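Per-chain numbering from 1; labels A, B, C, D and E assigned in written order.
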């Protein structure tokens, strides 16, 4: 990365708004999924997104990936307004998004094959990441032969092997057990640290959100809005220190917890009235 | 339920073993998913299953649901050996398993329609559970119009509305944020308490495993085996006491954590050698 | 994939039609041989004449009735056979080779047999339509149902759907619907062909008879004017199926 | 006296309603006028013979060679009338081919192997000193309209089509010319026949006489007025071209297509010649004696009753 | 639970063979021999035609046009269908014409085909190729349109080209459609070549049928029909095998 780039944010959103229509016809019910999102994500930043179910986290990430068109506002990636997906952004899908007709290795090499990498180079890169996620025994298995957590890790390996600068990860560890998850988190932080990628990471695990992030984006229920952006002031590399024991960890975690609670209480009151 | 039933266990597994073949031909690589599982689940018990990714939790649950044939051993449900799915067992699927062509309400009423319930009765029952999972605004939406967490809750509502005695739940809260999850846990415990259902519940969240369970089944990596069955001695109803603060909670949680760690360490050593 | 609105589709199709007709008209005029390629205007004139004389309406009514009955019979039969062949190994090996054989046999070659067994009355003609349309329906049903939606079948089974038959209509048919409808489209086209074969080779009548009569008089413009409603009939069936599909599709 | 056919049900298989076939149409109308319950079935590819064997029609009004094939195969079908008495083919060629002899080195289109007109064409070629297959390529092509199309497309330089087809083509401005009518080139061949199984005829003698009478009446009607024929044809044949129909009438008169004399109308020698020709051409394996299956007695009886004078059918 | 189509036990096909041919023999003997023949007679006729060399030559003529035309239809039809499905605007415009042509009986178009393509090999090739290609394209296009939107999206996120999208996502997902199309296309091809041989220049197996029918020798006709039907059965069975090969990722 050139030095002159440092000023340019990785991703900038300005007044992004998105409504979904629940059926084809004009008068169908609509759902306001995102409303007036302003957000600047620095290069090399690790941002986690947390918020209640259905608040628009996935939608936001998809807009950043240019997989969804927003109704209003602007999406700027590395200084350029974008409207098409780009190879510098790689996505890990909440629903895994594996090709059922491709084996693990073929799923992982897919982005490289598409970019016409030599077959053995693609395979080597892919194998490196498959090993990272602990699936070397299953390189030739088809997705339906894998457990949920294993499928998710394939999706992860695929995104990592693209070598993209910006990783967009939608609950990438959602189906993985606590121990494996910790391994994965460590691995991800290592990669991020070494290669200084920009990571945007959705999770519904509070500990994870705080543990990994430079900043946590807290979204509010209903029309998805930015409720708060919280800086996480904890030392790096996180897995070498006992960050969970750090006083800031508890503080930030407690704060977010409180906010999410409030959101819930508020909603219940609204529903009651 | 009659008193005389009390002695009969809800589900009994005896020496259950399951191997998967990775491709059709006879000499293909095989995966030993479950090996010699012996397990007796009491009526009205809340059993949680925890274990590393790919250790066979889903396979075990599917065998209990008779969705998968085991190679060896016996599966006995309420005293009878079974080989076909039955309406007294309802399943929540890890991958949601919603019919993409049915709206939320139609997905939820599906099991009732199959059993020829009158349409309005089915609808009322379904609506009750859709409300419970907080999706009343989305009754007429299609699955692809819902967020991951919302889809999962539809699957939950569907299983609940069957009125089955035995609930087989595969990471039912895996895609749901912490706050909503807590609501759902509370709701589930209330239903369990009121209707004395037998619940078998896979999770990869340690807190959840301990918080909900009468017993925790800890599975070991590799060929899925019962590593340990841990009684959780905590007062009921759990959400009225601060069970997390209870000394037993920390103790049990700590123990399981240690066991899972050991499993991981053990595996790493095996791999290293 | 982004779905285009109905209005957009309609507009594109109209533009396409205008271009197509203009090219035809110009080509026909350049060629200047009515026997080989009549112009659009000549065909329309012939069509107007056919409508005015009432010939077309009578013929169409006869043909459409034949087609509808034939297609309904084919669909029912095709579904049953397709389901059998897809879901049962026994049925597959017992039935499939013969239906493949029937499939590959030109309907025209079967006309004499139909005559012997069913005569050239309405039943005989319906049989010809069924012979033409049933196998494609059967094949697409079989193809669709073989494409096993394993996860959803598991869901259904766990919620009390028992037996192949129930699974079939509650999950498999529904999941296979896109394939089925695609097959049904082509089968409908085959049905139209079968209908014309019945009407030109078994016994002259309906729209097929019309085409044949004008053909032997070398009235190419009238031939086109009689083929046109046949093609429109094909399109109409296809668009009815398309409409059903739209309604049933969830994305 | 008149025929009273009320209560008689009969199914008659005919060729397609073409100009050529107008006689059959009119004949059926007369039968209906006498009270018969006639079902007319236009048979396209299926021959009248097949329909009779399959027991789907009682009487057929179709090509004469069907009787010969039937007889050769042991089906006892008998001719009792003829909607057309002389050969109904025209030989048509591309410009530049002005006589049969010009066909040396050219290609001609006929119907398929086993087809009657192929054999006929071979006979004509030999008459003109050409050896089929050696001097002339013989290309079998589907039906009459396909053969016509083949000549328009320049695929063959000569072919044989129905006379009315040729006249229609000519009226449409086709780029082809007439080499001659088969009835002129090879005179004395029979063309079309009304036939049924012998057993059926014997059981329904009254009907057979009525058919014979109607046959004579129709021919009389055709011979007596061109206008009536033309206007009747224009009303009953789809896509008929008035000019072509009128021309057809003239040709028909010229080659004696519709005689009112029983002996001319159904001429045993025409069948015999046809049978000999087919046998020589190898299309028939057995020599046939036409007198066994051409039965003009009904026609003669009808003529004796006064049929063929325009008085019977009103 | 599921029918496993892979391992046919031998006795089933044999049993059905016996039933079908036995039934045919019985029925065949009860019908006038000028209209229909039992298999025994057909077999005798087959031997005779085979000996005389007529059959071999006819079959060669037919198969050449059939396989060449069908191969062309597959090579053109599948990509064309993918294009129609992937560029939905193009597909929407073209679709009605394809279905219209598909629904137009070729037998009524024969005179036009003579004028446009003559009566020889090219015309037969056209009859085989065009309708077969339409069936394949139309079905492929449908399959592509029903591609799983989530997977299309995954592919898009990795910036695939249209071609790569087709190769990696659309075609694998559309396999059942494509194969249903290939089967219907095969039938269109077979009927096409026979129509060409019966109504254009009379040659090949269609010519054998035509001759048998005009000379009232049903056995001769049936020999040709049986050969054609067997070819069709082979093609369809081969496609079934192919389908299973393509779907091995399902396990099942």
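Simple rule for what comes next: a contact is a pair of C-beta atoms (placed from the backbone, for glycine too) under 8 Å apart; a residue touches a chain by one contact, two chains touch by 3 or more.
Note that the coordinates shown come from a computational prediction; the quantities given were computed from them, not determined experimentally.
Chemist: What is the minimum number of touch steps required to go from subunit D to subunit E?
Modeler: 1
Chemist: Hey, what chains does subunit B share as contacts with subunit E?
Modeler: Correct list: A, C.
Chemist: What's the farthest chain from subunit A if centres are computed as the mean of the Cα atoms?
Modeler: Chain centre farthest from subunit A's centre: D.
Chemist: Out of every possible chain pairing, name the one holding the most C-beta contact pairs.
Modeler: Counting C-beta pairs in contact per chain pair, the top pair is C-E.
Chemist: Calculate how many whole Å lie between the centre of subunit C and the centre of subunit D, each centre taken as the average of the chain's C-alpha atoms.
Modeler: Chain centres of subunit C and subunit D, defined by C-alpha means, are spaced 37 Å apart.
Chemist: Calculate how many whole Å lie between the centre of subunit A and the centre of subunit C, each centre taken as the average of the chain's C-alpha atoms.
Modeler: The computed centroid separation for subunit A versus subunit C comes out at 49 Å.
Chemist: Where the CA atoms of subunit A average out and where those of subunit D average out, how many Å apart are those spots?
Modeler: The separation of the two C-alpha centroids amounts to 85 Å.
Chemist: Please tell me the distance, in whole Å, between the geometric centres of subunit A and subunit B computed from their C-alpha atoms.
Modeler: The computed centroid separation for subunit A versus subunit B comes out at 27 Å.
Chemist: Residues of subunit E that contact two or more other chains, please.
Modeler: 32, 35, 111-112, 115-116, 149, 198, 213, 250-251 - these are the residues of subunit E that touch more than one other chain.
Chemist: On subunit A, where are the residues touching two or more other chains?
Modeler: 95, 144-145
Chemist: Out of subunit D, which residues touch more than one other chain, so two or more?
Modeler: 45, 50, 54, 145, 148, 152 - these are the residues of subunit D that touch more than one other chain.
Chemist: Within their complex, state which residues of subunit E touch subunit A.
Modeler: Answer in residue numbers: 150-151, 153-161, 164, 168-169, 172-173, 249-251.
Chemist: Mind pulling up the subunit D residues that touch subunit C in the complex?
Modeler: Residues of subunit D touching subunit C: 16-18, 41-46, 50-51, 54, 56, 144-145, 148, 152, 165, 168-169, 172-174, 237-241.
Chemist: Going by the contact rule at the top, pick out the subunit C residues touching subunit B in the complex.
Modeler: The contact residues of subunit C facing subunit B are 151-152, 154-162, 166, 170-171, 174-175, 177, 248-251.
Chemist: Report the residues of subunit E in contact with subunit C in the complex, numbered from low to high.
Modeler: Those residues of subunit E that touch subunit C are 2-5, 7-8, 12-13, 15-16, 20, 31-32, 35-36, 88-89, 92-97, 99-109, 111-112, 115-116, 135, 138-139, 142-143, 145-147, 149, 152, 176-177, 179-181, 183-184, 186-187, 190-191, 194-195, 198, 206, 209, 213, 218, 221, 224-225, 228-233, 235-237, 240, 243, 247, 250, 252.
Chemist: Help me check something: in the complex, which residues belonging to subunit B touch subunit A?
Modeler: Interface residues on the subunit B side: 20, 22, 29, 31, 50-54, 57-58, 94-95, 140-141, 145-150, 153, 171, 174-181, 183, 204-206, 257, 260-261, 263-264.
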